[in-house]
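Two complexes are shown next, each including subunit A; its partner changes from subunit B in the first to subunit C in the second.
Moving on, here comes the complex of A and B:
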């Protein structure tokens, strides 16, 4: 094994080592500080953690691909909310009244289609205008959120379908439905990024766009596919979450884009593209959720949680930079 | 200043990195008013030595003397304060600022309350620019200057401290011949003021034109110093690579096939105009000219990266319209671009994935890319081109320039093109790898490829080409066969001195 491979392995393993440290810390600290008698590493507690990771996790996995490709998508939170509204509202539409529970797959399809179309709009604009994805999706973030408010004003959109709730709360082989969606998404995207032509080309474009063009790769279609993919996943995330909760507020999903990006970056994916891993993002997602739950377990409030996560994110990136510096060649600033 | 005391002297410099002895007991000196060439293959230790000199690396052993005074360098700013200034190959200027601000960046003259003393700033800058005899002034925005003039700004920056020694690192890499001669005048002027100059370059021609002595490094070791007037290219090359090198005129004659590529009256805006030429199978056609003569643009047009405004391209006698690189690749045209790092390679990817990049679409088994097929292609071209890498997993960014270039060439050979265009095949590549690449190009022609080589180095063009097309300002001035070409006629043609187009 050469040193290159070893370095890559260490980097991809780092996030899992971090998770192990978190587990150990919260288990021990929990003995003294816990507000409940329940142990932190309790099996049911861990299963719940995975389930709670799912909404942002599914989006973060999609964000990984978009970021490897050299873009970013800030509109996922708004897409998530809009897909949720379409999901819940369409179940009450008169034209579907005769379908009974068959309305569920129809509503799911409509919600997923909504996400995919919104993603396609982002992708087409980035492709055809050449405007930076950050700006395009910043605009889309505001615009799509506007659509959410146009739909029902400040009112929540609610509809509970008990068959759907039963499905969403079900456990198969111990894991919750949402967890299965998270793991399934991770598996599919991992295969896409490591084994398919699309994945290979996405890395190449993110790492050196000009060289990719010179190798005959059409950059635009890859952008489009990835934006459609993340739109679809934002909607899938909404489908998974709102099947259970049954009520969406117009402000739901705000800051999801930033949490997703935090998880992706914590997993080691580079902001400028060309480098990153789906599995490591899954680690990043779990690490954040562990921090939230663990700090809650030892009695810290939400504001403390956010402060700690923010500090850890910066510390991790600083460490990453230290480890990646070769000699002292990096600029001192 | 005492003329017998070296402006700068290095003694027994040692620098080791984990596993590598990058510099092993290196000593040499530069006298005031001397231009001293520092030569060596890539990886010989020149950059490391310069970083020691600039205070970026601390040496493990050895001393640096400035005018015989032992000095410890702690940072480039410290080095500059001691009178040792670097003119880097990659310019580091702020495009949006004026020439004056760039020159005095970090030490702008001030008035009270931290206000910038603009009048003083511009006056002092114009005084320095005057000594350099340049055609721009202190208030020009740096982004509006040519590369050559930006380099002059870097030099002007060096002159703010009355330097003892100036180090030029590959200063002519992106300069035209006219710009080069301006640079050489400036160097001569510095020399006459008693400044010691270290001149790092791969270009023998320049070394022999402007330097007084040549010091050579090989594998981190000092190999000796030669007096330029008493040595020749062969001796220097021998010191650098430990063997002699064939850089003679191309003299091979093998069978030529049919015309593979013909271009008729091709134009593209004001980049190039009315360009016509043919390339046969088995032939290497060299395109020689100054930077900006339109050679790269012609290649990019043939490869579908630019749309021509007039004219036609024929492949095997049939007119084709090439609209995109994918289109060009499908028709059997390959382009090894000018800047391999920026345009040719995905530096963060491994060797195998870089080689198979253009054809990975066709290498799938079911929905997935077939690993085995890819490794087979990598193995084939690693052996064919003698690519030296620990394995296909090696990240391309970690290979040497010569091996990187072979990866790019391997990538295109694996597409089995009929026309191969190679733009600046050996830019920034060390002498040893250079001749390997040259032999490779000759071999490819012998195997029946139609090859176009674009180069700014005359010895290279003369060495590899069967025919040479000389370009000036977007037009073909003249075509030479390898028998009739002379260096003088070639230089005249690319300088636009022949006036009329001679057939």
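Moving on, here comes the complex of A and C:
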């Protein structure tokens, strides 16, 4: 029992220990290799890091609950792009011309609705057809991306609303708007997963679906809710990012699903479902962004970032399995 | 009696549904636009599907063995860049085997991680997708790679040549499909791949070296990727670092469309070829019908889900899932 709690502690603390190691490494290595004079641990730099983590981070938080539930969503990148297009394009629609800046909440609502509906489509298909979520969302990834391209061809969709840009660039209590959205999302999802019946059932279904069904849990509605949540969050991520940038390319958001899954797995969530934590995913997101920024800080390019992140992902998988195996053997004795 | 016939129909559709759908598509498109079934058009479609097709052949082995390979797109970019770079440094005769060696080494590394270390293939190949992309960028320095003297080399033969009036990419695709199809269907190794993917524990207990079989499915996959990279490099004689980006999921879509189960243990090379051709002909048919190029993605989405849905619906005997 004692070693069990210790193992859990090690697992949940691992990602934060990893972040600490990264910080120490890049601070020290930065002294010798840095391309600028600025210290890596600079406060503004860390604030910026949190802000830059937001787009993938918000999606990764949603991915966590879908994966805890035993599913996966590969269509988030396309959903993100489509929601961004709806956001920027709807602000120029003639019917909203008389609204002035009140068009902003309307466009936000439309974009978020788009994401939720796309998520619901995935959820309903998984529920009603019984096709594996991997296949359903793989198909949707192609299909939704097709919709993105059909909307505006290969042209970027652009619209800058300065009120919105001011809002997105604002800092409240030192943190950027995007950071508040990231932290807010994490808080809400943490409450959902730890304090509500839906959260408890999602864990139960992911852990052992048959047992959950026998315990009288209706699996389908929980699938649907989680897919709607991740669709909503992919749209929220787009809303937060494109409010500031004001221009979306039809290829935007490609490979976001893979980055999000990487962050979730780094945070220790199991692919098979039933195990995982929102807070640890937040750690995974920060760890990845830290690695990107840190490697940039010591003068390494994109190629090294890709190489290192890929190998770390595999190393984490390996270590996790070694730890688990030892845990199981200890249990046997 | 009627029930029996319906059940018979169901089994037929479940077994050969993808073939029936393929034929229906071809007839539909041909009626809509006669140009669709002209030899030129058909040969053009197969030729442009060949690169995706070759990769799909290898991934079929991996999927039947019960694993996934998301690294093929990134690995294909690597092969293409490497062979183009070495072409000017070593000459084509040495560049091609060197590229095959390096690509097979990557495949062996993945095979070692998934087969012998028994790590989850989705995450391993996801990590390798990123890592190999990093390798490619390191190799090329982020720049596009071009062959200097494009007319003074025979290297273009693989992607652009014809033999007996048939484009070489089609011949290579057909030959590889025939050989790999034979290996999968007729050799002990092929049977072991099915056994390992169908029920790994049972396979281990019957003395099948599970780790080694999984290892070799990734060797086959990386070999196919090397061939695809060769075709790509030879066709365009120059390339960006991201040429294969996103192809892993299209390849997987073709394999799934062909009816291979992601759980492993089922699928054939022939069906994968049909899956590849369906994707290619849909794209072409929709274009000829005047639809927007990108509408094909939406149609592909609908077809993938319908195909898999009908497949499992026929197996469980009811349309809607039993999920409450």
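What to note about this one:
Here is the rule we use: the second predicted complex is superposed on the first by the 324 of 333 C-alpha atoms of A that agree within 3 Å, B and C clash if a C-alpha of one lies under 4 Å from a C-alpha of the other, contacts with A are read in each partner's own complex, and residues count from 1 in each chain.
The rule is short, and it goes like this: contacts are C-beta pairs under 8 Å (C-beta built on N, C-alpha and C of every residue); 3 or more make two chains touch, one makes a residue touch a chain.
A quick note: this is a predicted structure, and the numbers were derived from the prediction, not measured.
Look at A:131: by the touch rule set out above, it reaches subunit C but stays clear of subunit B. Touched residues of subunit A were counted for both subunit B and subunit C, and C has more of them.
By the touch criterion stated above, A:247 is placed in contact with neither subunit B nor subunit C.
Contacts of A:201 after superposition on the shared chain: subunit B is touched, whereas subunit C is not. Look at A:313: by the touch rule set out above, it reaches subunit C but stays clear of subunit B. In the superposition on chain A, contact of A:38 is made with neither subunit B nor subunit C. In the overlay built on the shared chain, the residue A:271 is in contact with subunit C alone; subunit B does not reach it. Of the two partner chains placed by the overlay, neither subunit B nor subunit C lies in contact with A:163. Once the two complexes are laid over each other on the shared chain, residue contacts for A:155 go to neither subunit B nor subunit C. By the document's definition of touching, both partners, subunit B and subunit C, reach A:218.
Residues 213, 218 of subunit A are contacted both by subunit B in one complex and by subunit C in the other. The touching residues of subunit C, when paired with subunit A in their complex, are 70, 113, 117-120, 122-124, 126-138, 142, 245-246, 249-250, 252-253, 256, 262, 292-298, 300-302, 304-305, 308-309, 312-313, 316, 320-324. Subunit B meets subunit A in the complex at residues 17, 56-57, 303, 305, 324-326, 328-329, 335, 337, 342-349, 353, 357-358, 360-361, 364, 367-369, 390-391, 393-395, 398, 411. On the subunit A side of its complex with subunit B, the touching residues are 2, 4-5, 191, 195-197, 200-201, 203-204, 207-208, 210-218, 274-275, 327-329. Against subunit C, the residues of subunit A that register as touching in their complex are 74, 125, 127-132, 134-136, 138-147, 149-150, 213, 218-220, 223, 254-255, 258, 261-262, 265, 271, 301-314, 317-318, 321.
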